[in-house]
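Presented below are the structures under discussion, each in the form of structure tokens.
In what follows, subunit A forms one complex with subunit B and a second complex with subunit C.
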Partner chain A sequence: MTDDLAAVFEPILQIRGVRGAMIVSAADGVVVAASLMEDVDGDAFAALTASLVGRLGSLTDLAGQGAPRCVQLHAEHGAVFLATGPADLLLVVLAGAGTPVGLARLQVIQAAGQLG
Partner chain B sequence: MRAIESWVTGPLQTFVNESAARLTLLMTGSGQVIAQHGFARSLDVMSAAALGAGIMASSQEIAHLIGWPEFQVLVHQGSRHSHFLALVDVPAGRWIGLVVFGRETKLGVVRYFFDRMIDELATAAPRTPPPRKVLAADFETELHRSLRTLFGR
Partner chain C sequence: MSDDIRTLTAELAADPSSLVFLRLGEALRQRGLLQAAAKVAVAGLIRYPHHPGAHDLYAHILADGGDYERAFDEWDMALRLDPTSPGALKGIGYLYHRAGDHTRALEHLAAAAAAAPEDEGLQAAISRLLALVGPVAAPAGAAEPEAPFDPSRGPFADFDEADGARLLVDSGGLCIGGRLTAPGGTDRSEEVAAEIAGACREASRAADHLDLGAWQSVIVECEDVNLLLERPTPETCLLVMQDRDQPIGQLRYTAERAAASARRWLEAVR
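Our next item is the complex of A and B:
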């Protein structure tokens, strides 16, 4: 089951600059499957991203937009993509500088749709 | 928030703020309370400490029976509230943490900040010998003294 889920993000890992991906239980904030660089604390990353999506959900709900489908965060050294999928799962992708952002976002949204 | 050991207060306060835990209890393996957050009545603290210590003891016995290393963390997941129980190794000895949290936070968040609290406790702990063990004969007196400290009465 976990291997099947991990196969969903394999194509994303082939994109230039992508440093890792993982599937997170949105309700619990725990890792379901992951392939991350060693220097990334997966448990902490999963917990905080799920918490962030939950809080953003309150915001989009308040605005009458429903639950967030895709979140894209740009930081000094890269970007984080978050996309919600079926079965309360969340696809999280960590991209370094130089990642083709449009391609990454497109694949993240497509892959999230295959979760569950 | 109240704590028997003052050096516990800072790390515990940070944990409570960051994790959005509703109730938190730090206790020794025998159920003596070290610190609490969120409990309004001493009776609730006594019950929770006794039950939490009992659950951890039972779980360790199960692990022992099947030849596994001890369980570090136990989670009871409910529809509205969940319980998180974990072993805490600090220089003063082995403690147990009991956290009750609701749907406003997540298990991963609670666990992440709990782990950070353990690190902070290890740093903040005084470098003195562990406190003397409480004898059965002194237990009730010690318990009431702890509860007076925790609830200010």
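Our next item is the complex of A and C:
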């Protein structure tokens, strides 16, 4: 991983409960760069999140609202945060239960703005 | 630096896990040292993400700095952790008052007064608001008489335009309640309903694969609107859409009300 990408990931990975972060191509769900805990299957995670964003994009487009900028998926035992960056890239973060939601959202949006 | 701040700083340095960060953050805030106060509050929140007082402190700091949207979200989080938090109820009441929604402001202040009856300032604020809007409902959370419910009016009869758009969708992607129009006024309810069902399936797949358990909500931020998806029942999905100038916490609150209303309606029509 380059120093630039490490700098993008660093503030996110310091947030309590975060289990990993990835940069993903929104078009095909391919992992561009990742820093994930060993038990997380990055390829599947990337494909699933790209697929979710694609579906949400269709929804917001039909509603006349353009593409999503930031998405939060909240579940019983954790959450996924993602934000769109330049060049059709997504910054995706996997977080466990107890992660400070507002802080994670903010850092993901800020970091996505540094992509490209 | 004043003595109390110096003392509290030393206490926190000696024991970084101490809750003294709450007093230090508040002391800094009261002196207008908002950047330093925010730094203390965020560090405390990272250590204690489920402490309602920490969210309340950070919300006060954000509100003092004019960031009302994030302040609302932090107070909303504090209320989720402690539904009777007087600080959070007062804070949200203040934000509603500031936004011109005096009725909701009064509801929250009345709930705060129920939790903190000794707060004279609160009583005075309630008196001022009562003069503006007249008597309102009992405090949030208090028992309220059941309103007559007429299922023929649909699942969202008690909602108005200010609450945003709502769609209730079955698992096959059919719209069974609510309406959504695109900015030009075109009714897109049926097309969007099909996509909602698909998005809910994608959310389930992602949550299952990542061992996150059942998904609870998906929040989507677009340029002009925010959307929230959730499942009022296992067989249905709900979408709520509000203007982006409404805080995310308000969106969550509206979605909770809409989900409860949808469940009530579904029970009545089945």
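The rule we apply is simple: the second predicted complex is superposed on the first by the 112 of 116 C-alpha atoms of A that agree within 3 Å, B and C clash if a C-alpha of one lies under 4 Å from a C-alpha of the other, contacts with A are read in each partner's own complex, and residues count from 1 in each chain.
Throughout what follows, contacts are C-beta pairs under 8 Å (C-beta built on N, C-alpha and C of every residue); 3 or more make two chains touch, one makes a residue touch a chain.
The structure displayed is predicted, hence computed values, not measured ones.
With both complexes brought onto subunit A, simultaneous placement of subunit B and subunit C is permitted, the two fitting side by side without a clash. Judged by the touch definition given at the top, the superposed model places A:76 against subunit C, while subunit B stays out of reach. Legend: residue contacts after superposition of the two complexes on their common chain; A:52 is shown touching subunit C, with no touch to subunit B.
When the shared chain is aligned, subunit C comes close enough to touch A:98, but subunit B does not.
Residue contacts after overlaying the shared chain place A:63 against subunit C, while subunit B stays out of touching range.
In the superposition on chain A, contact is made by A:27 with subunit B only, not with subunit C. By the document's definition of touching, neither partner reaches A:112: not subunit B, not subunit C. Once the two complexes are laid on top of each other via chain A, the angle at subunit A between subunit B and subunit C, using C-alpha centres, comes to 130°, given in steps of 10.
Of the two partner chains placed around the shared chain by superposition, subunit B and subunit C are both touched by A:44.
Subunit A has more of its residues touched by C than by the other of subunit B and subunit C.
Between subunit B and subunit C the least C-alpha distance in the superposed model amounts to 11 Å. According to the touch criterion, the shared surface of subunit A, contacted by subunit B in one complex and subunit C in the other, consists of residues 44, 48, 51.
Interface of subunit A with subunit C (complex): residues 15-17, 40-41, 44-45, 48-49, 51-52, 55-56, 58-60, 62-80, 94, 98-103.
Against subunit A, in their complex, subunit C makes its touches with residues 42, 45-47, 49-50, 70, 73-74, 77, 180, 182-184, 186, 188, 191-192, 195-196, 198-199, 202-203, 205-207, 209-225, 227, 239, 241. On the side of subunit A, the complex with subunit B involves touching residues 24-25, 27-31, 43-44, 46-48, 50-51, 54. For subunit B in complex with subunit A, the touching residues are 105-109, 111-112.
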